[in-house]
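Please find one structure pasted underneath; my questions will follow.
We just call them A, B, C, D, E and F in the order they show up, numbering each chain from 1.
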């Protein structure tokens, strides 16, 4: 299959993660997958949510939002698509909580903000991959480091072929759209795989996971480079 | 493993789907998985959303909500947990749209409401499974029927074992929590699998899907019985 | 006058009050007046509102809501008719506070939820009559009982005749619409009587109250049966 | 009984209705019952609500609000007590719709605004009584007049005695609190009678209505004087 | 230039400030500039906002709102123009905080409410000028007085001429619209000067300030008369 | 006076305006004044607001917002400081409407979004200065250009001295804080000058305007360079 940008089916778009782009945040990173660009900041607060008070645990939470003109046509700041944003915020928070032993964060909340500057597909996977770096840098400011490295990647089925890291145009005609959050060894934290047209088989899901895990190595490397600075 | 209610790991709780429980709705069903009880109604409206006007297509959309005392302790009707409800509403709507060729619904919107009376785990899977029946009954009132039968089931890993159809107590200590929407042949429409503690392997995911597909046969049978009436 | 369902002018529709329909609530009842069906739960909370802290008193409050398809055509969950629901919520709470000496509830709030499953007229009177049972059952769990039994009933003037317990079709053409909350001896806690067309005389109001009080005996009996269980 | 301001039990506070207090509104009146002061405006709009389009009818609707410092201590403008205000708004609108044949208002909506400047009890009855004048003046600007004169009055039981037109201090210790909307002949449009402590008998209700109707003559006279201007 | 009401370019409309118009507020004044009428109340509360707790300082804050029929055509109470009202509220609060040493208000918040009864231009300047009186009267109830007298006035350029205290009709065709908050000696607390058409020069701004300061003497005198009572 | 970054009192911080930073927007610019960084996009829409339909005019409107971690400590995305953001949005929109003859924009709305990435003082002046460039580039895409060049600059009085382009630390202790929107010839579109402590004289205001106009030349040059690209 000829992809729009001549990539092979298994290839990521160019991945860039630039650390420390915000002078105030305890951790920050600008993460790009091709045109898609997300500003990720991690803000530490000396406070835990009420349900954790006295538990000996800290917390990690996330908010995802799009700038109005991140998209091809402008999207209003008001209620439109708030449901989608809340759902992605919950996914990011849940994923990042898997990367750190909350007992070591005792007394702190890490607030992750993922603000999409440009949306060309894969904004949630770029958000998680960049947010991991922002969180790792914030942890470093406390003398800590993550317990588990995590990245996210999208995989899909388009015209019957499995493609890695779909851009917006590919995504909008995909038959299956899957988002994976995974560790360097290929183990999984989250799989969300949706048939947009028709059905998919368990075997196809396994293929998608396998191709995603191979491509994610490049993201893990970019994360490590960004954190080392 | 000894489950709370002495079920085997692969067994569903008793599934009941009572059709036509609402005298006004075009389709309705009360769906129970053990204690969990969801009232599902399908309301047909002669109108399509603006983005489909003139497209020759109809629409299916869903709203999921909990009654305040569906839960062990009362939950306020206001904003609390609205993010979770929106996310589940989107899942239900997306799943049911996969079950019907929207071209045959031209001019109509089917509004699915899933109101949880009692929540003992698995409310989203009981919602989808019951909503399928409500939608099928509403389609029948138009002389139509679904194009694809769909049911949903939860599977999880608890204390290292794979269990089907988790109740609340099992769910709250699960290491992995997966929700599957699938067709009678075992093909998938949606997989959402989240590690709550640790990681899971692609092989474990396949086992979960396989056990879920086997158990779902009982749900498909209950749906068919309810629709035939 | 021939009523739709052949009742006499003074007759209630069949009244059913099924207790303990919710496994978690301290008290609950499903209350039906004909097709009208309301799920009532009473949730006890060990907490009083700020204005009662240290007063030696407890509190009873209520929320009334309709499921979207309780009505002939679906009603949106959003702001539509919220004013009416708030007004009925206030009426239910006020009525039930008259049934219990708040000093005996010290330290507790009883949250009454009345969720209308099917609305065929008289939803507020079915709510109050069922909520009384839910509250009595919740009080029983504390070793208490109500100080005053209360039921509610609607009475109206339709085509010049006084009718008891109006169904939706009768209600929508009534000249006068009255809701009464009363005690077994016929004394009143609340009268709300509205002329929808024309005026009514004090004498007509007395007739309505008298017929309502006679018919309410059947509701008091159903309440007592449900509470004894 | 000695009332705070030495009135007899059957006496109103001084009633004043000053017409045309707003230079822009089609009709307006400042209505005072003692210290209680409500600014009532009637704004005509050449438009009917969607549910009346093409029906040959006009509409009358009302909004009631309190200025923040109408009360002894300041009340926030935000959500606090919005339920009560919505309920009173609905009462005012319903009452005024009874005073005019909507068929003669075809094509118009009359928006009544009742803004409470000072609240010393009886704000809803002063609102309705003043709003009637504002509406009559607005109708006059169209060459119309009301079909039915209406006023509102509060009556209550305090320390076992029936008192007319309760001030705030009396109202806050009343055993029964009743609001009546009535016509010059003593016929009723609305009765709302609530036991705040204990119960009341149908006979007591009749006494309250009778005393209210006698005292209301003074309000009808003040309305007529204001409208003649 | 012939002004609508035959005033000279430098003349204010008749200014009236009636003190103590609200029986409950610690300070109050009805302030009129011609037809424009604003009810200003100052409510003292024994409480400071969280950011001032323990600081030894009190606070002054303000809310500005329009009654729905303050304007030529009725304005809805809902979100419309809320941005403008918030902006004016902030201006009033900021201005009045300049008139009193907050250290002397320790432990108190003065809540200023400016509710516009009639809007014929200059509502924000009438609000500030009247609110100063309400605040001064509230301070008097504590045995205090303001540290700095302040009044506000509007000046504009209409058809090339500088006019003082624009009415609505003049304001709606002004080329420049300026609002000044100033002290008796002509020193400034706030200048907001906006070109509605074209540009203005620094020299024109100085002329506007100079004319405004001269005219404001009349407002300062009216304030002093109202406070002395 | 020694400024934090050793600037002279009359010197701007380094001004950078990078054009075309967003691949989708019709016009865009990243505008920095020192650490302060604002992303400005101009989105053209073929539509005018209802009040301009059929008027032969187009429209320019603006929205200003801060990313949560633009500030030293994280600010919640919810209601906090929404009043301030609305006020600045209105200022930006009003200023930019002065730069273009709306008759030439007939049929179009230009939506300006100013999203603050980093806030170190002067965010509203950087927003206006950058938004001018975004708007000019969007106009260019229609074959148009602005009618009037505009820039904005802050000036203040700190420790008795007049300083140009205050950073956050200077701003937070300023006695006077002024924001100017002006044209290359020094004429003004908007002046907002607030005394934070004490008063200021008309002469001081003139000095502030004069120094601001001189420093703004550098901004006009940066704008021109960015637009020429």
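Everything below uses one rule, namely that contacts are C-beta pairs under 8 Å (C-beta built on N, C-alpha and C of every residue); 3 or more make two chains touch, one makes a residue touch a chain.
None of the values given here were measured: they were computed from a predicted structure.
Student: Smallest number of touch links from subunit A to reach subunit F?
Tutor: The fewest steps needed to get from subunit A to subunit F is 1.
Student: Quick check for the class: compute each chain's Cα centroid; which one is farthest from the centroid of subunit C?
Tutor: F
Student: Would you indicate which option in B-C, A-B or C-D repeats the interface seen between A-F, with over half of the contact pairs matching by residue number?
Tutor: Equivalent chain pair to A-F in B-C, A-B or C-D: B-C.
Student: Name the chain whose C-alpha centroid is farthest from the C-alpha centroid of subunit B.
Tutor: E
Student: Distance-wise, how many Å sit between the C-alpha centres of subunit A and subunit E, to the nearest whole number?
Tutor: So the centroids are 51 Å from each other.
Student: What's the distance between the Cα centroids of subunit D and subunit E, rounded to whole Å?
Tutor: Inter-chain centre distance comes to 33 Å.
Student: Between subunit B and subunit E, what is the gap in Å from one C-alpha centre to the other?
Tutor: Comparing mean C-alpha positions, subunit E is 59 Å from subunit B.
Student: Could you tell me which shape the graph of touching chains takes: line, ring, star, complete or other?
Tutor: It is a ring, because the chains touch in a row that closes back on itself.
Student: Using the touch rule from the top, order the ring's chains starting at subunit A and going via subunit B.
Tutor: A, B, C, D, E, F
Student: Which residues of subunit E touch subunit D in the complex?
Tutor: For subunit E paired with subunit D, touching residues are 22-25, 28, 35, 39, 41, 43, 45, 63, 65, 67-74, 77, 111, 113, 115, 117-118.
Student: Okay, in this complex, where on subunit E does subunit F touch?
Tutor: On the subunit E side, the touching residues are 82-84, 86-87, 89-90, 94, 98, 148, 183, 186-195, 199-202, 205-206, 209-210.
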